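Listed below are the structures to be examined.
In the two assemblies presented below, chain A is common to both, partnered first by chain B and then by chain C.
== the complex of A and B ==
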């Protein structure tokens, strides 16, 4: 045992526990399904506890809600009463000032389309929410960031808090907020402020910490008081990083405002998407979704220029001129301007899209169904319920017999043996474990096996502390009665992450090898990262209807981007000297890729995988809207029933899964980094 | 306060220890051991880093005191203790007689505004301010009116030879120009104690020499007390009145450039001075004997106390008897044997 590597030891323990569970399964049924009697009514308790807590602060919250109503109403009425030509002119002028002709044109075309679509009023309602929530989030984030910078004692708890705020799924915020603030747009406002504050806080802290030590010392030696140092030197010197925070804060706020539309009751663009989606008016949904995308792109690209080093401001007189034209146009057309909501010039497009879609799905029904069924029956279902149950004559053409299981395990054991003899014992053991998982199915794994397996993996990645943390956190899910749903979530996000890893890794590799490919892939990645989560649902829904497969696709579309980016970045970033040394040694391009670039890129790629996992969990909850089972669904249901206990417990369970996955992958990345001496 | 007897800076038993609970660990170790080395060993055994160990020295008013050592020897830490950018773990540090380790926050700010100036290795310029605003910043924090502070800043910018570049940003300047800005900024408040932390190390050799010469000119004009950090022995010898050599956190030798070159206390110091052309850095005064007990011969090659060894040796190449050393008025101040002159130059090759 002593002579085995850490990985082999962990794999061996996991394998033994798994095998035991599999053998004893028939005798001890509590191994596979955790007995109901052992569960604690945790979500009820949480609900009760939180509710009484919420009731306690409810009056204050309601007052805050009323207070926030004023700026909201103000923003709303400004955006609603100012004639649209003037608003567009203002946006175009801003675009010109920040990014010249290109950005001005982007603003003009984008907002022109919004007016033509007839979604202008809804769009303005959404923007009004963003306009109020972003200053709130920026103020809160800046304060938190400065606090963490000034008092190192608070830094760790604040970092942990920010981690939690970003891993708790967005929907899970909404339920307690709903109870606290009542129905209405203020819930969306607060939720988006809560969601958008962490990136701001992180970037403020990061920026302040990255100010060169000597610059800070110079401010000290100049005799500045702490406040002078902070506001005259450190914050201005950290400006670029803080602007990155502003950009992320804006995007997060917009994304959350749209998600918050789920609770309804407010005539904004997110609600419009949801409504049309529910009515299966996909053309209209696509149109409303495009409005969101236009806003997202404009806000992102404009605010991103703020974070550019040595940015250039374009001639202000031109901007004033554009503004004046807008003003004149509004004045001249004042009486004749109809309600912007009544322009529905793009409706034919929506109708055409709808009919085209119907034709398309009808014409390709066979193909689409076979793709969908193929992946469902041959990939997702076996993964979910195991080969022994998924293989039926109806789908696969034959029945999985116990004899086949035996053969299957024998083949796995043979592979493991060969690998073990060739010195790759850990890999061999992992093959055996994987065979076991495939036979049983992720959603039916015995819980002792999952606990021990996660603990073993955590131990390899991060030592004893992480192992204990994982076990304790997973055990909380187990006793709270959310275990089955958690496994379902794990299965779907696991499958999606795996698909992302293969797909994203492949695309990232190609992009690294060929600049041509990257030129095509890059704008797509940019686009996918700018689009709010919500919008991903529309196209998959259009083609594949409601169901797990659509959710699977939506998750992949959203979560694949970091994998592509980090893989490419890692492979590209190999130090020049190493490349030159390998070239001098006579390595071919692929040898270089395999022997030099890939090992060097491993930590970066692992970080990409980590991001992909977090993205997948975030999307999983949103995807509950179009039909997933598991925790996401519970969170969504809880929102509908204002069940605080279930919402928070399921949200926490989701956060726990994300957190454990995050720590394990980070642990491996750190270990790789250390091994490379980075 | 700063009478002629009070040293401008005095450091007594200064320790700087990094690590968890450094304070208590150090006082515990100090109570158990007498010898500083034993204290350091005890600290290291606990996983702490004694970056400065028991530093003791004084810097006289108007003196140019150089602290020299390799990277990691603790010289930057020591200068940060003296300027109180770091709070010394233990010991007494006085600036113009005033204890700054126990000074209040307000008093420290006051001292930095009026008395102390500092120049940094990587310049530490504020990236968001122009040259003029950078230089004027120490006045700005004091609340000096804009017009007055900009006028003063312009004056100092002229002094360092950067006139005409007031509106540039640091990123638009070369390394040498940036450090001129750093020097100007530290001088704008007419400081009386000036700290320079490897100010020329990041510059290429030609610019470095040019700035060293200009620095000496400025020093001749201002006559401030200076603590100058460097890792370059030639720079130290060129600039210093006295040099302190640090190794692994300890001050191993303090002396004039000639002392360091001619009488290194150990191999570490000797290693430094090995490649130095000694004849140019040591003068006759540092090797001559007192005139009372030593006779001298008939030849008088006209040696002076402040002549370099190279020059002196050139004058008595063919002499074997001891010769007199006189001051400018012709009074006898010492005696030297030409053979000793040659030997002094060859300390290293012999060892």
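== the complex of A and C ==
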């Protein structure tokens, strides 16, 4: 046993447990389906506990809610009463000051489109929400970051807290937030602040940790108190990293505003998107969603200049001039200016988009159906319910018999044997495990196998502490009675992540090789990440109907982006010396990619995979709107029934799956980094 | 003073039945907040009620609110009334708030709703024999999809609205598998795709809804539901199962914040007596969703043309 590598040992244990489960399945039915009697009514307890806790802090929360109402109303009335030519002029002037002609033009064109679309008033409501939630998130994030920096003891629990804040789906805690803070935009504000604070906190901490020791020592020698050191030396020194945090915080808040619209109380863009989505009007939903994309791109590009090392401020007099023109224009046109909501110049575009979608689905109906059926029959169904149930005369054309199962296992064993003899024992064992999973189907895996498999994988990735953590967390899902749903979620997001890894890796590779490809891919990535996710659902539904396949595609559309970005980033970031050395050794372009760039990029690519996993889980909740049956559906059920306990339990289960996957991938990434000496 | 007003309102509330009794206006300067939910029919219903309240001299504010999440707000008095609650699609939260006494039910809107198993008209050509439900027995394979093979596919309500479609399929022993839609948008997208591509579709749907006319949706004829159908397996075409009949008729009603009767007695009376018929609501929905009109304008036109339909309710409360 000692002579085996860590990976082989883990794989062997998993294989033995899996084989035992498979053999004993018929005798001990509790192996495959966890008995109802062993479940604890956890979600009821959580519901009761949270409810009484909520009642306790409700008065304070309501007071906070009233307090937040004032800045909210103020921001809202300022944005609503200032005439739009002046606001646009202000944005253009700011764009000029930060980024010169290019950014000024971007602001002018972008906001001009918003006015033309007729969504100006709703857009301003959305901005008012962001304007209040972002400072809130930034303050909270900075405090958390400083706290983690000052007290290293708290660092680990704080990291865990930040992970929870980012992985528990917002829908899961909307109900308790509603009870606590009362109805209205303040709930959306708090939800978006919860989601936007972690990136700020992480960047503050990272920035403070990266301050050069000499700088810190100089501050100590100058004899300042700790607070003086922190605020007068270290925070200014960490400014650039903190500005990255501000940028990320803004983007996160903007993406959450849409989700918060589900509650209502605020006639914003998110509500508009929901209304059009309800009518399945793709064009109109796209138009409303584009307003968010425009805001996101403008805010992103402008705030990104703040994080530049040597940033240049353009001539302020021009900015003042632009502002003056805006002011004059609004004064001159004051009486004749119509309501900005009445412009609907872009409606023909929406109509055109809608009819294009109709023509497309009509023209390609047969092709699209056969693509869908192909992937369902040959990939998704076997993965979900296993070969033994997925292969039927009307899917594959024949019936899967127990004899075939035997042949299948024999072939897998043969492959494993060959691999083992060639010294790749771990890979051989993994092939056997994969064969077992494929035969049974992910949604019907015996629970002891999943627990032990996850523990073994965690052990290889991060040692015994991670193994214990994974087992305990998974066990809580098991006893809470959400196991079956969790497996369904795991299957769907697992399949999507796999597809993203292959697809995104490929596109990332192409973009790294050819700048031309990247020029096309980049704006698509920007759009996919900032447009409200709901908007994707309509075209996918129109083409592929309700069901898993549509959800699968929607998840891929959203989660593939980080994979592309990080793969490309990793591949082009190889240090010059290494490239030169390889060129000198006479490596061809392909050899360079495979033997130099790819290994060096591995940690970055793994980080991308990690983000893809988190994105896929985030999208699962949205995908429940097109009829998936996993944890996402439970969260909607809970939201509809105002069932606090079920919502939080299902949200927690989702976060647990995401956290375990995240920790395992990060463990492997760390190991790669160490191997590369980074 | 307050007590006597309240007593008077209680009297008014018990005496309703259309003839109402003059009540005090109450706090006219405080705006009455009405919930605007996610669907057009509700917008029409609410705007008519709002205009009626304005005609009585009140100040009305429309607040957007998610159907499922509005009840906490109404219980807290942050929204004062919601005017189109469907009994088929109401959360437990509502019942809790009513029994808690923080939400008060205002009676039926008398909008004649129908739910059922439905299909776009062109499907009748693909599956001859429709609308008789027996035709579905043989047509099932036509409706099959990759997820449901060999059974046919029925697109059911989103899971949080319950599973009435699946219950019908089991009750009538039809070879269909119900797939929950996830959202209303998903139901509409299915109807639209089916109509545009001329493909078969069986769906759980309801009226009044703008899509009924936009996609020419027809209901399948199911045995008319009686009380016995839902408890007694022996009743109906399938001797072994309950639910072998049409949907139980759904009720559409109104509700308000419990403090409404005290704060705005006359408004409480107006909203209690307010009713709206499908024949009135459906054309307005069409004018908005199909012809692209604005809710305010469409409602204003209707109010001007149908003064006799709403004015008496207002007058009874304030004069």
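Please note the rule applied: the second predicted complex is superposed on the first by the 624 of 678 C-alpha atoms of A that agree within 3 Å, B and C clash if a C-alpha of one lies under 4 Å from a C-alpha of the other, contacts with A are read in each partner's own complex, and residues count from 1 in each chain.
Definition applied: a residue touches a chain if its C-beta (ideal position, glycine included) is under 8 Å from a C-beta of that chain, and two chains touch if they have at least 3 such contacts.
Please read all numbers here as calculations on a predicted model, not as lab measurements.
Contacts of A:278 after superposition on the shared chain: chain C is touched, whereas chain B is not.
In the superposition on chain A, contact is made by A:212 with chain B only, not with chain C.
Of the two partner chains, chain B is the only one that A:222 touches; chain C does not reach it.
In the superposition on chain A, A:232 makes contact with chain B only, not with chain C. By the touch criterion defined above, A:474 lies against neither chain B nor chain C after alignment on the C-alpha atoms of chain A. Once the two complexes are overlaid on the shared chain, A:652 sits clear of chain B and of chain C alike. Of the two partners chain B and chain C, it is C that touches the larger number of chain A residues.
Put simply, chain A uses no single residue to touch chain B in one complex and chain C in the other. Per the touch definition, chain B reaches chain A in the complex via residues 80, 83, 85, 109-114, 116-118, 120-129, 137-138, 140-142, 171, 182, 185-186, 189, 195. Against chain A, in their complex, chain C makes its touches with residues 36-39, 63-66, 68-73, 76, 78-79, 91-93, 145-147, 149-150, 155, 158-161, 179-186, 188-190, 192-193, 196-197, 199, 210, 289.
Put simply, chain A touches chain B in their complex at residues 212, 214-215, 217-225, 228, 232-233, 236-237, 239, 310. Residues of chain A that touch chain C in their complex: 174-175, 178-179, 182-184, 262-267, 271, 274-275, 277-280, 358, 361-362, 365, 372-373, 376-377, 381, 392, 394-395, 534, 537-538, 541-543, 545-549, 624-629, 633, 636-637, 639-643.
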